[in-house]
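Consider the two complexes below, in which subunit A is the common component and subunit B and subunit C are the respective partners.
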Partner chain A sequence: MTAPHAASSTPSSPSGKAPPAPDRIQVIVATDCGSTTTKAILIELVDGHYRQTQRGEAPTTVEAPFADVTLGVTNSVTELQELSGRRLIADDGTVIRRTALTDPNGCDVYISTSSAGGGLQMMVAGVVRQMTAESAKRAALGAGAIVMDTIAANDNRKPHEQIQRIRELRPDMVLLSGGTDGGDQKKVVELAELIAPAKPRPRFGGEYQLPVIYAGNKDAAPAVARVFGAGFDLSIVPNLRPTLEAENLGPARDRIHDVFLEHVMAHAPGYDKLISWADAPIMPTPGAVGDILQTIARKRGINAVGVDIGGATTDVFSVFDGVFNRTVSANLGMSYSISNVCAEATMPRIMRWVHLPMDERELRNRVKNKMIRPTTIPQSLEALVFEQAVAREALRLSYEQHKAFATTLKGVQQQRTVGDAFSQQAGGGTLVNNMKLDLLVASGGVLSHAPRMEQTALMLIDSFEPEGFTELAKDSIFMMPHLGVLASVHPDAAMEVFEKDCLIFLGTCVAPHGEGKPGKQCFSWTLSGARSAQGTMAVGEMQVLPLAHHESCEMTVSPEKGFDMGTGPGKPVTRTVRGGTVGLILDARGRAIAVPNAENERRATIQKWLTALRVYE
Partner chain B sequence: MSVATILLLAQEAGAESSTAVNWFMPGKGVLLVSLIVVVVAVLGSILWARAGHSIVVRKIAGLDAVDEAVGRATEMGRPILFVPGIQDMDNIQTVAGITILSKVAKTAAEYDADIEVPNTRSLVMTSAREAVHAAYLSAGRTDSYNPDRIYYVSDEQFAFVAYTSGLMARKRPAACFYFGCFFAESLILAENGNAIGAIQIAGTAETTQLPFFVASCDYTLIGEEFFAASAYLSGEPDQLGTLLGQDMIKAVVWVMIAVVTLVATIAAVTESAGVTQFITNLRMSMGGG
Partner chain C sequence: MAKAFTPGLTVTARTTYRARRVLPITGDVLVARGAQVKADTVVAQTFMEGDAFPMRAANILSANPKDLPGLMLKKLGDTVAKDEPIARSKGIFGMMKTEVKSAADGVLESISDATGMVIIRGPQHPVAVQAYVSGEVIEVIAGEGVVIENAVALIQGIFGVSGETHGPIAMANTAANDILDEAHITTAMKGCVVIGGARMTAAAIKKAKTVGAAAIVSGGIDDQDLRDFLGHDIGVAVTGSERTGITLIITEGFGDVAMAARTFKLLASHAGRVASVNGATQIRAGVMRPEIVIPLDAAHHGSGGGPAAAAGGAVAGVLEIGTSVRVIRDPYFGVLGTVAALPEQPAVLGSGSRARVLEVATVDGSRITVPRANVEVIDG
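Moving on, here comes the complex of A and B:
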């Protein structure tokens, strides 16, 4: 029997090298090995400030015929070398380190993330779907994994169906949880008894034992270890839910990262070399994005949401009151999954964002074409408008899924008073509160590569419906993964580059919560400071006030009765607002955004909003 | 049969035939109209629901939390306690409690959690066993059904409370459900459950006990919510339609109370003989004195 590993307290670089002290770091090379492209960035200390200076990319080489991820890394860093004039690649293809700070060649730190070959794919299991199984899923997603399936005692599947499913999956690792400490042992052992005989095969061949992380009732650990026995590489970490009132995801997440490096990466083509090159543990790309979002939320004391919309999936990250959550909407994307977006959202919901006359049949053909030719981009205004309408619905659905997942803990005893007689709320309410949201960050092709910043801003506002004052930004060149792993080595440098080079601030959206009759006054506003102005907004209107990205103003918004800016209906609010490439966006459409049903009225309304923001000018 | 008996029966038959002409009392016409309105509203709502129209029942947090409470018991490896009140099956609250027991037992069967149902009445015990057995059957877990967990304790109120409190202290159930007719024992049970850290869900129509449940339980079904639970849980058109019909009638009654109160106030203020007479006639026609 393989002796189970104890949990490590902190993840360390398997290369055995410790990264230099932060004050010794002036030149940083970071790569992100994606499924198709390896992206490298160069960060340098310029005039006392960390700035991203160069960017290079090359095709990822993890698949045959190359089957060595480091070739792509070398190619992308070579591009950095050519652009910067700094020698970064040695003759043997490795990344050069500087021996002295005066050395004009090489870098001080090399770090990397990876999602190549499908990233980290996990299966999770727990006793009750809404409790320990959900915590296990949260731990796996937070560590940057794709959760292939969640097995639970109450998942409405018979044991033979569960075994069949486990056998079909080929996960990189399994996370098993269940029972509070001192609580249930029987069912978590039963889950182990389902997984062990099913013998799920690891994705990267059968030459290594499938890693299983046990994060359940500590009293059941010996029995679980007996069940798994030989044939599995079992790690035992502290319980995810030591009590139902508390969630302890940290140790399981750290262990997932360790196992990802020790087992999964070590068996992927070329990763053993890449690990030895890197000065910090290689992180799964989504995990690194989550880390940088948490860092920025913590350092600025704000609530933030990040979204990355891809071809097949959409990732949503959120940090509300310090609690981090990540969801992957597996069937919501802009190419491979576009048909599913149309099916789930329905055509009428998509078409409500379109102001041009379009033939629905032609649009359906366009959708199928996009699915089978995922790299095509819109060639006409109609195609662009339609694609962005689909994106709005994909983002909206992903955010709804995220809201449903990012909840308070379930199964917790409530404390009541007689005053609660008519206001009892069930546990597990969502943590996502748009009124408390301070920063919304967008990334992914359709958002990052939109021809105009105004298009990105309006897509974000229409799909996320931010309330109150919300800064909108987009990741300029999908640099967040690099900065996420940099945050583990030099958090200040990561923050500085994030603020100065990573994010393109689009502006601040000012939108009260509430509903009203179109044409009636919604709120009045006054600006002071860098710019002075005042005005009123009627329900249903949108307006952009010019305010550059380096400017900020004091803004007082006085909502009408029935509208709320975060302090209660009708109460005025004063805040410092930040500008951006779009400006200050005043949105008086109310929440939820109401689009008229009548065709002509709908088109005229959408056209009015598009004109107000100069979206397609 | 004696001659006297035959004569007596003949006399009664004659009396019945003489009352046949008095089927309708014109003075009670309002009651007839009210009855027709109630019947039409309920039957109409049932037909409406059967036709496939959706009837939205507002969320009842206490019933939505059943999964959460049973899940807590499952994760903590502790039993679930269900108390169906201390009255017999002739009390409608007990019947409503048994309906909810079916839902709790089915969830417990799906989660493979243990459920314990102490009773104060033998007939309630039998009904509870039937309900739990049916629930386990529908969940496909008849093998897990244990009738010994549903048992009779005592008809005596405080003997039952003493036993149940002891059970709670010993077995420390993680989820406690109190659905039925409760009196003084409500606070004793609920406070014990709170002290052992259980999620507690209660439901009763006893207005004097509701404050105790609200203060010491996680969720409380208040009065009508308790009786609406059956329709809420089943989602059957007939039950939902009945619920809608009853709500419509209640709305009509509220409006009538408001209107008649207004009219009576006007009559009192203006001392109008006509309005006063109208109020008097209305009261008489409704059977008032």
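Moving on, here comes the complex of A and C:
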């Protein structure tokens, strides 16, 4: 029988090298090995400030005929070398380290993330779907995994159906949880007894034993170990739900990262070399994005949401009151799964954002043609408008899923006071609060490559419906993964580059919560400081006030009765607001945003909003 | 000379095709190296472990899990039949005994004294792998399967549904831009791979299925017709496992689009010959496109002079002046022509985006500018 592994407390650099101390780090090379492209960035200390100075990219080389991820890394870093004039690649293709800070060649640290080969794919299991299974799913998602399925004793599937499902899946690893410490052992052992005979096979061939991480009732660990016996590589870590009232996801997440490196990465082509090159553990790309967002939220003391909309999936990350959550909306994407977005959102909901006349049958064929030829790009304005309408719905659906997942712990007894008598909220309420949201960061092709910043801003506002004062930004060149792993080596450098080079600030959205009759006054506003102005907004209106990237102003918003800027209906709020490439966006459409049903009125309304923000000029 | 790269689909009159046919788990290879096989020859077979049937035996007996081993009527490894008693409670004073009956035919695999669960392992499932394409076995992979090789005409489609099948090629349309309708389908097409021109209509698909055709290959299909046929929408292009009774392959795309003339001509030149087709499509990392594989006979083996000769002068994937291309996105979707210019600098598109473009001299004599991402190379 394979002896179960004990959890490691902190992941160490797999190459065995300790990264240099932060004051010895002046030149950093970071790569992100994506499914199709390997992106490299060079970060240098310039005049006492860390700046991203060059970027390069090359096709990822994990598949035949190359089958060695380091070739793509070498090629992308070679591009950095050519652009910077600094020699970074040695004759044997490895990344050069300098021995002295005066050395004009080489770098001080090389780090990398990876999502090549489909990233990290996991199956999770827990006894109760809404409790331990959900905590297990949170741990896996937070570590950057794609959760293929969640098995629970109460998931409405019969045991043999669950076994059949487990057999069909080929996960990279399994995370099993269940029971609080000292509580019932039987149910979680039963789950183990379902998983073990199903004999799931790992995705990368059959040469290694499937890793199983057990993070359930500690008293049941010996029985679980007996059930898995030989044939599985079992790790036992502290319970991720030691009590009903507490989640302890850290040890499970750390072990997932370790197993990712030891098993999954080690069996992917060329990763043994890549691991030996890097000065810090290779992280799954979404895990690194989550880390940098948490670092930013913590350092600035803000609530933040990040979104990465890709061709196949959309990732949403949030940090509210220090609690981090990540969701992956599989099959909500803009190319491979664009057809699924149309099916889930329905065509009328997509078309509500379109101000141009379009034929629905023709559009449906176009959607399918995009699905089967995912690398094509919109050539006409009409095609762009439609794609951005689809993006709004993909983002909206992904955010809905995120809100439903990012909740307080379910199954927890709520202690109530007399004051709660009229506003009782059960456990499981969403942590996402748009009124408390301070920063919304966008990344992914349709948002990052929109021809006009105004388009990115309006897509974000229409789909996320931020309330109060919310800064909008986009990741300039999808640098967040690199900075996430850099944060583990040099947090200050990661922060500085994030603020100065990674984010392009679009501006601040000012939007009261509430509903009103179109045309009636919604709020009045005054600006002071860098700019002085004042005005009013009627319900249903949008307006942009110029306020440049490095400018900020004091702004007082006085909402009408029925509208709330965060301190209660009708109460004025004064805040410092930040400008951006778009400016200050005043949104008096209310929440939720209402689009008229009548076709002519709808198109006229959308046109009015587009004109106000100069979206398609 | 300026060059660029773009994905393209293979349409070739002659190439060497190798089919790797392996079992999902180890098993027995039934053919030897050098053997000639047909499409339906079984080349390897094995048995998959049977399904597991968990039973909460202690619960059924109202017994403590720890007591379950003592209540079992069968031992680990015993063969059991469905509904055969496998455990029995002691009852009250020897009366009112409760039994646990096996949920399936199989073998008693485990008895848990921790949870009271019993698992019956059902009978093994036979798994057989057919050759798919006729040809010669050029390699035997011990315990896994074989590699089959043959000279073939090969056409990759853009999208398909349902998996592998084979049958003689039957031309239903006489021109590449003819719509394939039910009037073109006859009872003689039973078991055939039916070739249409442009869009296949819902009525044509229905009739082809009724007459028992093996597959339809045509230029396009309307999204609504596909949804009606499948009974559901396709959200993600990962197909092949549908059980529709007929394989559908489109060579160009969705909507009213004619099959490329060269593809149609190539298929027509092989009318009556047996083709192996597979509608399985996977448009993710590791792209898989549907295919029509037509093994060539000795006469064809001698012709052509190799794949390069069949490529019609264009190197697949490379865009240069004179390369034949097809536009694959609106507003010029389906337009055919040749590359007339490859400007170095990005251009501003009608959408407002900046992108690298190329100019296409179309077959009707006009000249259009399109993003490089929106064309694919076609042979000849």
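What we mean here is this: the second predicted complex is superposed on the first by the 610 of 617 C-alpha atoms of A that agree within 3 Å, B and C clash if a C-alpha of one lies under 4 Å from a C-alpha of the other, contacts with A are read in each partner's own complex, and residues count from 1 in each chain.
One rule holds in what follows: contacts are C-beta pairs under 8 Å (C-beta built on N, C-alpha and C of every residue); 3 or more make two chains touch, one makes a residue touch a chain.
If you're wondering where the values come from, they're calculated on a predicted model, not measured in any experiment.
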| item | value |
| --- | --- |
| Subunit B versus subunit C as contact partner of A:Val128, first or second or both or neither | first |
| First (subunit B), second (subunit C), both or neither touched by A:Asp149 | neither |
| Chain touching more of subunit A, residue-wise (subunit B, subunit C) | C |
| Which of subunit B and subunit C A:Glu44 touches, first, second, both or neither | neither |
| Partner chain in contact with A:Gln185 - subunit B first, subunit C second, else both or neither | both |
| Interface residues of subunit A shared between complexes with subunit B and subunit C | 185-186 |
| Subunit A contact footprint on subunit B (complex, rising order) | 59, 61-62, 64-65, 67-69, 71-72, 74-78, 110-112, 197-199, 210-211, 214-220, 222 |
| Subunit C partner contacts - residues on subunit A that touch it in the complex | 35-36, 63, 117-118, 159-160, 163-164, 185-186, 189-190, 193-194, 197-199, 223, 226-227, 312, 331, 336-337, 339-340, 343-344, 361-362, 364-384, 449, 451-452, 616 |
| Interface residues, subunit C side, partner subunit A - complex | 7, 49, 51-54, 65, 103, 109-110, 112, 114-115, 117, 119, 121, 158-159, 222-224, 226, 233-237, 253-255, 281, 283-286, 328-333, 349-355, 370-371, 373-374, 376 |
| Subunit A residues touching subunit B - in the complex, by the definition given at the top | 127-128, 130-132, 153-154, 156, 178-180, 183-187, 241, 244, 410-411, 413-414, 416-418, 420-422, 424-428 |
